[in-house]
Amino acid sequence: MRANTLRTLKAAGRPIVNAWASIGAPYAVESIAHQGFDAVTIDAQHGMMGFDVALAMLQAVSTTSAIPMVRPSGLIPGEIMRWLDAGSYGIICPMISTADDARALVRACRYPPHGQRSFGPARGLLYGGADYLHGADREILVLAMIETREGLENVEAIVGTDGIDGIYVGPNDLALALGHLPANESVDPTMRSAIERIRAVTVAHGKIAGIFCSDGQAAAERVAQGFDLVTPGNDAALLRATMARQVEVVRSVSVE
Amino acid sequence: MRANTLRTLKAAGRPIVNAWASIGAPYAVESIAHQGFDAVTIDAQHGMMGFDVALAMLQAVSTTSAIPMVRPSGLIPGEIMRWLDAGSYGIICPMISTADDARALVRACRYPPHGQRSFGPARGLLYGGADYLHGADREILVLAMIETREGLENVEAIVGTDGIDGIYVGPNDLALALGHLPANESVDPTMRSAIERIRAVTVAHGKIAGIFCSDGQAAAERVAQGFDLVTPGNDAALLRATMARQVEVVRSVSVE
Amino acid sequence: MRANTLRTLKAAGRPIVNAWASIGAPYAVESIAHQGFDAVTIDAQHGMMGFDVALAMLQAVSTTSAIPMVRPSGLIPGEIMRWLDAGSYGIICPMISTADDARALVRACRYPPHGQRSFGPARGLLYGGADYLHGADREILVLAMIETREGLENVEAIVGTDGIDGIYVGPNDLALALGHLPANESVDPTMRSAIERIRAVTVAHGKIAGIFCSDGQAAAERVAQGFDLVTPGNDAALLRATMARQVEVVRSVSVE
Amino acid sequence: MRANTLRTLKAAGRPIVNAWASIGAPYAVESIAHQGFDAVTIDAQHGMMGFDVALAMLQAVSTTSAIPMVRPSGLIPGEIMRWLDAGSYGIICPMISTADDARALVRACRYPPHGQRSFGPARGLLYGGADYLHGADREILVLAMIETREGLENVEAIVGTDGIDGIYVGPNDLALALGHLPANESVDPTMRSAIERIRAVTVAHGKIAGIFCSDGQAAAERVAQGFDLVTPGNDAALLRATMARQVEVVRSVSVE
Amino acid sequence: MRANTLRTLKAAGRPIVNAWASIGAPYAVESIAHQGFDAVTIDAQHGMMGFDVALAMLQAVSTTSAIPMVRPSGLIPGEIMRWLDAGSYGIICPMISTADDARALVRACRYPPHGQRSFGPARGLLYGGADYLHGADREILVLAMIETREGLENVEAIVGTDGIDGIYVGPNDLALALGHLPANESVDPTMRSAIERIRAVTVAHGKIAGIFCSDGQAAAERVAQGFDLVTPGNDAALLRATMARQVEVVRSVSVE
Amino acid sequence: MRANTLRTLKAAGRPIVNAWASIGAPYAVESIAHQGFDAVTIDAQHGMMGFDVALAMLQAVSTTSAIPMVRPSGLIPGEIMRWLDAGSYGIICPMISTADDARALVRACRYPPHGQRSFGPARGLLYGGADYLHGADREILVLAMIETREGLENVEAIVGTDGIDGIYVGPNDLALALGHLPANESVDPTMRSAIERIRAVTVAHGKIAGIFCSDGQAAAERVAQGFDLVTPGNDAALLRATMARQVEVVRSVSVE
């Protein structure tokens, strides 16, 4: 079965740079996947695409060596199963708040006897290889998002759950949950210590500590802080920013 | 009928900033249309979308005040008619090389007696208004791309054709046609004088001089040169660039 | 943030006329949205479209001043979140039977601290505006469908739930639940008094009383009865009826 | 091979009632096809759908006994071939102005030796049957639209062309071509005599005389005039009209 | 209402041959539906299509006499309702493990008073007929998949549940659940007796005993064993196999 | 730029095995591309997909080492350009009948100065690489279909045209053109000698001789005959055949 290079990177202590795809377009995500990312995550929670478009996006990512992952809309086993069958090599599941949630997530992602995923790997077989059944539980990454107050309190139990490969911090939702405004790189001490605590616990368990960041600069700082997997911004936000910048440049100069 | 604000901007001597959409995604183009552009052109020549996606993209642009335009795949009357019926308020037609081409383009875009467009405005009616029939020939822009050696030679005749509202320079194809490598802002003297000649002739006729540019800075320089309508880059190229930049920043810092 | 004009209409005591879109086609719904409706609801419960088509439909409605709303397939927080992120400015949630259901619905629609909606407004940001986070909970309408026997019994508690902006009666399902055949304008006394009771309780709470109707005439009668928001028929049913009528007219005359 | 019932109706002297589908939605067109039409024509000229949606629409029509036809965007052999391969049982080709056009249309629709259609019937085989090759030229209808001044002058030659099964009048474009405003049921004497002449010549040749009409009443009058095939309105226009009517009824009553 | 011919076949003691569609393409499934199957099941659990494509697939199947069924992604009432509204005439629900599950499944598929399906049959009305409300509960098949250890233990209770029309064995998941490798036609005695037990109990209740098989030969053996409904393979697997075989033949001969 | 392995295979004298994709489904074509083919051709002439689906299919093929090619609907430069921009690495153009046709085909596929392809490689850049401009004319294959009487007569001139990389025989259309029934492997002496003549002339010019075949056995015989590139059947036909075979096996055994 195709090896999940993200595990190799973690083992080697090298940072994993992950793209975030919310634009529903196979051409956009293929363009992104060619820019040197180690992984590309299709956001089926807040992203603007349904299954048919997301399937083509997973295929588009698979034309490159970037590992395709999906964030499902929630801890919904039937939906998670479909993303895995569609060839996702990792699941970043939102709103994991308890060890029970974490165990349910693992069950949704793993075949018996380690879980309850139903067999029928479809496109997963094409992407992973003919021995998919035997390698899927070993290769596919299961990352739990910690972004609620309860999740923060239970971070030890969540990270310690067998089959959880790592944590992915959603700083915006976590900020909202803790009574702050959404902010990826909050300088609020509570937020900073919360995020650092999640990171430290995760790394102590030898698992992947991941986080969403505003852009490359912020992501670099998270790597410096000790995060293993960083997402340097959302595709739609970056597209908006670069487009707005071009308009601004034209107009500012033309005005003179 | 809804007024075409691009005509107003030209009349007022204010630059028209046009976005270029090659990514086949209504969400992407709606995101772009919100960044302050005066117009958004959907590229049905080199862009990665078919009619069904392009239709939704035209609708997405129409949620804003940006004027939706389309570049068809060529001087194909049946195709141009479909883009107009779908609500495009401007046509930027590639590869117009002769006055005959220019007249054929006008015929494709105008109703009798000024042309041969078939009646059945469909979504055009929703976007333009109930009096579409009476206003369409007045509001919809017809821009001819000059990007061949023959087109350059015939620039006077093309620009002078009744019903042609302006010219749009395709610097890449023009460079190729003149024996150079594609370059939006070529410093080659032949290229520079060719582009300036097209601009000067067009402006002398009181028509819109438009051009594709690499980015906002280049577009600003074209405005300074006297161009009326500038496109500060292609969406996919700008997306690739900003994504590559984020990866570069993460990796450069992480390496240290 | 863009104001939700439906709130203004309610405050002014003016009826809200809402279209019902079950045909999965951006062009159809844009055509409908141009006919003078105050709102257009995309039916993701019984309507024939998935997310990708519904997204383009929301964009199509947004080309007009009609407020876009969605009926989700059920009280499924992850799905409701996706419709809000896609730019829906109202949720009409089916099968709300208890105060617990009503509270869960509010939690799904509101950000912390009023709810548990996850942050990532995507297209909502484009439609609502840059200050979406601060205005979303204020502008977006949350309507609970009362259409079960239990819901009818709990109407006071449901309507009284904080964050519920109003009620939308599903007369067909309510009739089925009460042992009758589906009928939008049932003359059965039980049905009539049930519907009147829901309306009266809702209006007494100062909230929006809405209802599905067979057509314009029936809707006018509901307005006269005191309903605030009426839906004068389903698009597919109205299309079928007008088409059948044309055939009937041709054939009846031709036979003579 | 499946018989084309439109030929049977013509032979029996019974009117053919044809629906016109411009909304790109398989569900809409299937709803329409169930209302008693003899045929349903998908409008690939002014209609709002590309190939992928039109294919599903042809399948949707094929769930009923209504005969599926397509109006291509023009006299483009490669496009006409694709509609036939997709299972269209009739072609209504716009803008046929000369006998040469008519012969080119026949060549596009017929296999050698009667034409130059390329072999590869794809879905046509599923709809028509295993003996498609032997029956296609016999069953599939070829209708030429007369809607230009030149077409009107050449009506005898066009109708008399071998392989042309009938004429379909496009009253709007014909009116424009003759210097009038578009009108399906013009009372202008020139228009009336032009349309009657086309009808009379066609019927004299024993071929199908078809025409687009505003609605059922107008279509009934065309049948009374001697037309064989009538289209009682366009789906989007009828949908808009019925929707506008519902709004009008609600608002007129509510105002009282 | 259109009769469900699968009930007739069961009553007549004739085998039901069911196709399995996992390829998301209306043309592929229409091609399959023409090959003599009694039913075609669209696999919305492991199959590669979302709602929009599946809707067109249901329409494509409905061009033939094969009965369209759907396997939902799980026991999710809101999703099952959508497949029924889209015109599915049978539900094959995965992972039914208890009598409670079976009752919940029946409730999701039946209208009150037999269940809690919400009324709004949409395309179901077109496929089933105008009296859909009165016939739906009688015609639509409800099949429970038994594929877990718990399901096997509860087979009597599940089969005995009112409203359950039959059982469909998922041999792969059942094998995994019982500690074996996935195998459709396992020769393991435990597997053989488990499957035979499910079949025998089901038939004893006069209900439909169905099962997935690798291919036609295996399906024939299941019929001989006494199964009522057999699926002779998955479309994607059969396509892969025939494609691989053609390559192998070319290469083996060419090498010589 | 990515090397076109089909050129390498030709140079090495090894047969090229090409799949033929007419089913509009990215999952189907990705499944096929994994079965050992050297190339996969998407049939945009007789195949059942529009641009949006075909784009995703090209991406799906690009997840494997099989070379993606497209058959356009005809010798239409604007369309051919779009398939190349979408990442097709070869064009198999139908109905090339004269040296003029062949030259027009080359012009459509090559950049200036060798042709008139417009610059804007879009997805081609992602698939081919950053030096696409410099390698495209070298790597992309241009194959002319000879399938008319005129094409047969002009085979020397067509094959001898600079820039034509080979010939692809369409045996069905050629048979029709010569007055026979369509047959891939006709035993008619005229057909056999016509096909052998095309092959011999092509090979004599050192160019690729390709042909469509019914299946793997027929393709093997064509390889033995000296063809370089063979297509062992059409995906939809092979799917229908294997599906029909499974039904036949179940029914034949069950009857006993």
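Chains: A, B, C, D, E and F, in written order; residue numbering restarts at 1 for each.
Here, a contact is a pair of C-beta atoms (placed from the backbone, for glycine too) under 8 Å apart; a residue touches a chain by one contact, two chains touch by 3 or more.
Predicted model only: the values in this text are computed from it and were never measured.
Where touching is counted per the definition, the chains common to chain D and chain F are B, E. Looking at chain C and chain D, the chains in contact with each of them are B, E. Because chain B and chain C carry the same sequence, their contact can be compared by residue number, and over half of the numbers here are used by both.
When the C-beta pairs in contact are tallied for B-D and for D-E, the bigger tally goes to B-D. Here the spacing of chain A and chain B, counted between their Cα centres, is 38 Å. For chain E, the set of residues that touch two or more other chains comprises 22, 24, 27, 31, 34, 48, 50-52, 55, 79, 122-123, 236. Remark: the chains found to touch one another pair up as A-B, A-C, A-E, A-F, B-C, B-D, B-F, C-D, C-E, D-E, D-F, E-F.
Contact residues of chain B toward chain C in the complex are 26-27, 30-31, 34, 55-56, 59-60, 62-63, 122-123, 126-127. Of all the residues in chain A, the ones that touch chain E in their complex are 50-52, 55, 77-79, 81-82, 85-86, 111-113, 118-123, 133. Residue ranges on chain F touching chain D, taken from their complex, read 22, 24, 43, 45-53, 73-74, 76, 94-95, 147, 170, 172-173, 176-177, 179, 181-182, 236. Interface residues of chain F facing chain E in the complex, by the touch rule stated above, are 15, 17, 19, 22-25, 27-28, 31-32, 34-37, 48, 215-217, 219-221, 223-224, 230, 232-233, 235-236, 238-254.
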